[in-house]
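First chain A sits with chain B, and in the next complex the same chain sits with chain C.
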Partner chain A sequence: MLQVLFNSLVYASMIAVIAVGVALCYSILRFANFAHIQFAVVGGYLTYSFAAIPGLPLPAAVALSAVATGLIAILVDILVFSRLRDITPEGKMIVSWGVALFIRSVVAIIYGGGGRAFDISSEAVIVGDAVFTTLDALVVAVAAVLMLLLHLFLNRTRIGSGLRALASNADLAVTRGIPGERLIRLMWFLSGALAAIGGTLLAFETRLQPNMDLIILLPVFAAVTIGGLSNVFGAVLGALILSFAQNLLIYVDFGALVGGDSWQIPTQFRDYVAVLALVVVLLLRPRLSPLAGR
Partner chain B sequence: MTAMTDVLTLSKLTAGYGPITVLDDLSLTLRAGEVVALLGANGSGKSTVLKTAMGLTHVRSGSIALGARDVTQLPAHGRAAAGLGYVPQTRNVFGDMSVADNLRMGAYLRPKTFEQEVEKVFALFPRLKERRRALAGNLSGGERRMLAIGSTLLLNPSVLLLDEPSSDLAPATVDLVFEAIADVHKRLSIPILLVEQNVTKALALASRVCVLVRGHEALDAPVGAVDTHDLHALFLDGGVRTS
Partner chain C sequence: MLDFAIYCLTIIAVWSVLGLSLNIQFGLTGLVNFGQVLPFGLGAYAAALAAQAGLPWPAGAALGLVVAVAVSLLVLLPARRLSQDYWALITLGAGELFRLTALNAPSLGGADGLTVPRFADPHLALGAALALMAVAWLMSHRIAHSPFGRLLKVLREDEVLAATLGRNPVAYQRTVSIIAWAMAAAGGVLYAHIVGYVSPSSFTVTETFIVWTALILGGPGNNLGVVVGAAAVQLLSVSSRFVASWIDLPADVLANGRLALFGLVLVLMFLFRPQGLVPEKKEVRDAQRR
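Moving on, here comes the complex of A and B:
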């Protein structure tokens, strides 16, 4: 059971760092941005490229990747979404699919189809009957620090409060002198940078592969949906709930539960828990869902 | 009056929302020291005038000047920085933020003097000080209106646009709000463009009255020169002008 908790925490950490960007974007621009997933992929690959620069330490490579991906996110806004501010949320959502596929193709052209792995040294730590690695601990710590910093930024700084005001009531916010468009750019930068770090952590734990986006798409959007989108930190809570549900479901020995032979849900079905959670939440709270529009 | 004293000039504005045109060739001037009451039937476009002055609508033609400066192309946040203070009719607080955060957003452009300035708002509306930790969305209607006005004052505006500051309030609160507006106008001599349903209250405060009929100005006269009957005719018949 402790193992389920560990696994959930590590998985939730990676998903949450990516998912908060979806929630940030939704809270201000009111659309589900599917292109966001690609920022995580781009970030992972960029970290890989920067890490290949001789003499550049890995943390610096991650930071560079975060900044670069943040700038790419701003570029996406300048080229695409800033021109579509007044169209419906559904329209923006569909455009975001197009952007996602475009970025996916660019990544495929540059990095090809093969998988790549980071060479991260990590040791196992045994706690009771459970195991986690030093890398796991690092992933959870990085995610926790990032979420804490984001929380402090949004709640304790003037500009962060300006972002909240913009999310709360954009028309009122600009009449207060809050530069709406500039803060929207900042929001894109933060989302992109966080996604890059989330994607990098995921690549550390697994490996870089061209279809990474499809692997994280459902969990990220399910987490944001469960979290309710109204609150950025709902995404964090959503990631924790989702990931715990997923890990618990594949951990429980259903065969033994009914007194028969041991039978567990095959691991590859884990992601369908995300689908199930998504459907349940859509049914229960359609108005809060990004997929249901406004 | 010379053009020098014009603080807000709307000239020949045609404006609306997306494809919808609401204001039709509207001109209106607010001069230094004045309170202008902007009256009109429901849906005649009063709120749209204020939103257009603030930069929240789509302007098809015409111009808007703040003092001598043309602000037609300036985005709303730039107009706020230039001194336009706006209290919207609805959705005029950040409901999911605290009272204190709302006030801080009012002072977004002047964060350094916030601590002193907010005390002036608390002096005007002591109730806000007691409620400063509450979520704005949980305030009563009267408290919310005070917060909306107080937040706007923190901008240190040189012109105020007030959209029905007394609507849906209990009579005692209406008096309180109007006293505060009169106080601000006298003490800081801020010119005010005031949209109001409460004609008696509005005329008591205003020096000039403008009546809007279907997005068009139907009357612009000093308060002393208008007959209340004419006003009612304009309101009810939408455009019948007898004087």
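Moving on, here comes the complex of A and C:
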């Protein structure tokens, strides 16, 4: 049971760091940005490239990758989304897929189709009958610190309250003299940088491959949806709930429960839990109805 | 060379059917289906499973249509009452689940997929594809110009307005989805018999966005636009093979370059020509009369 807790925390950490960016973007620009997933992939690969520079320590490579990916996110906004502020949310969603398709393909062209792994030494730590690695602990710690910093930034600084004002009522915020477009650029930088770190953590735990995006697509969007799309820390909670549900369902021996042979849900089916959670949440939230006022 | 041209036309016709199906959903009704590959895949796998069981092709076609309609109702269950963001997420998730199921279920052939008997005569395949495209076109046309279709456009522009006219948006969306998904499933059945095998890698999110690219490029809401878009995208796909043989590019770079181009086309169309190459004709009725 302790093992479920450990596994869930590690997985939730990686998903949460990526998912908060989707929620940030949704809260201010009101559309689901599918290109966000690609920022995580780009970040992972950039960390890999920066880490290859001799003499550059890994944390510095991660920081460089975060800054670079944040700038790429701003660039995407300048080139694409800033010109499309007034179109429908559906239109923006479709455009974000176009951006995603473009970024994904360019990454695949540059880095090729093979997988790449980071060479990170890590030791196993045994607690009772459960095991985690020092890398796992690092991932959880990094995610926790990032979420804490984001919380402090959004709730304790002037710029953070500007962002929150923009999210709750953009017109009013701009009328009151909050520099809307500049804060939107900042939001893109933050989302991109966080996604890059999340993608890097994921690459540390697994490996880099071009179809990483398909692996995290459903969990990330399920987590954000569970949290209510525009709620930044709801996305963190969503990631935790989703991760626990997934790991618990895979852990439980359903065969033994009904008194038969041992049978567990194969791990490939964890994405079903993501979609199922999404469906359940949507069924239970009638107030999301378009007719009940958005 | 003639054989190749016939193959190209066949493929364009099949993708046009998919595009027309998406056009009824998005162009006409405003439904954002990010899982358009799902009914397509269901049709293709139904055809393959029926063939594996030794059944004749009409059995596979019937199975494909029935399953696609049943699944569309199932997907609609949580998606109804929801705004388009959630609609997009649900359809996207459903499409991915289908791919994962096909990948992981041994009875569906896993990653290797299943083989399907191919059309003996490529002319016959072309004929069948063109016939299906004609049927899909006529259906779309009839729907778009019927009172039902006009209400769909009202629904697209303003759901609340449709509701205040005493119409139930959910019932309309359901009817549209059933028709459109059956259409895409028929395209899938045909696709399976043309290509000769089905595998999970043919039904990824990317395929959905190739259909979207065709629709946005051609012009949402316009049948001719959809076919023009599908033809442009598929010809681009095919011709990139020749480009590769001239400048000697590795196959995977080429495939990715093509996808990057599709993504770029999608974005550029939105930026510079959102109405598409062949824009929808706006109907003006009694607007000038007092």
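Observations
By our rule, the second predicted complex is superposed on the first by the 284 of 294 C-alpha atoms of A that agree within 3 Å, B and C clash if a C-alpha of one lies under 4 Å from a C-alpha of the other, contacts with A are read in each partner's own complex, and residues count from 1 in each chain.
Convention: contacts are C-beta pairs under 8 Å (C-beta built on N, C-alpha and C of every residue); 3 or more make two chains touch, one makes a residue touch a chain.
A quick note: this is a predicted structure, and the numbers were derived from the prediction, not measured.
When both complexes are overlaid on chain A, the residue A:G91 reaches chain C alone and has no touch with chain B.
By the touch criterion defined above, A:F118 reaches neither chain B nor chain C. Of the two partners chain B and chain C, it is C that touches the larger number of chain A residues. Shared-chain residue A:V279: touches chain C; no touch with chain B.
When both complexes are overlaid on chain A, the residue A:L214 reaches chain C alone and has no touch with chain B. Contacts of A:F189 after superposition on the shared chain: neither chain B nor chain C is touched. By the document's definition of touching, of the two partners only chain C reaches A:R104; chain B does not. Overlap of the chain B and chain C interfaces on chain A: none, as no residue is touched by both. Contacts from chain C toward chain A in the complex involve residues 30, 32, 34, 77-79, 81-86, 88-90, 92-94, 96-97, 100, 103-104, 159-160, 163, 169, 204-206, 209, 212-213, 216, 252-253, 256-260, 262-267, 270-271, 274. Residues of chain A touching chain B in their complex: 86, 158, 161-162, 164-165, 168-169, 171-181, 230. Those residues of chain B that touch chain A in the shared complex are 18, 54-56, 75-77, 79-81, 84, 86, 88, 91-97, 101, 104-106, 108-109, 111, 151, 155.
Taken in their complex, chain A has these residues touching chain C: 31-32, 80, 83-84, 87, 89-91, 93-95, 97-106, 108-109, 112-113, 214, 217-218, 221-222, 225, 229, 266, 268-269, 271-272, 274-275, 278-279, 282-283, 286, 288-291, 294.
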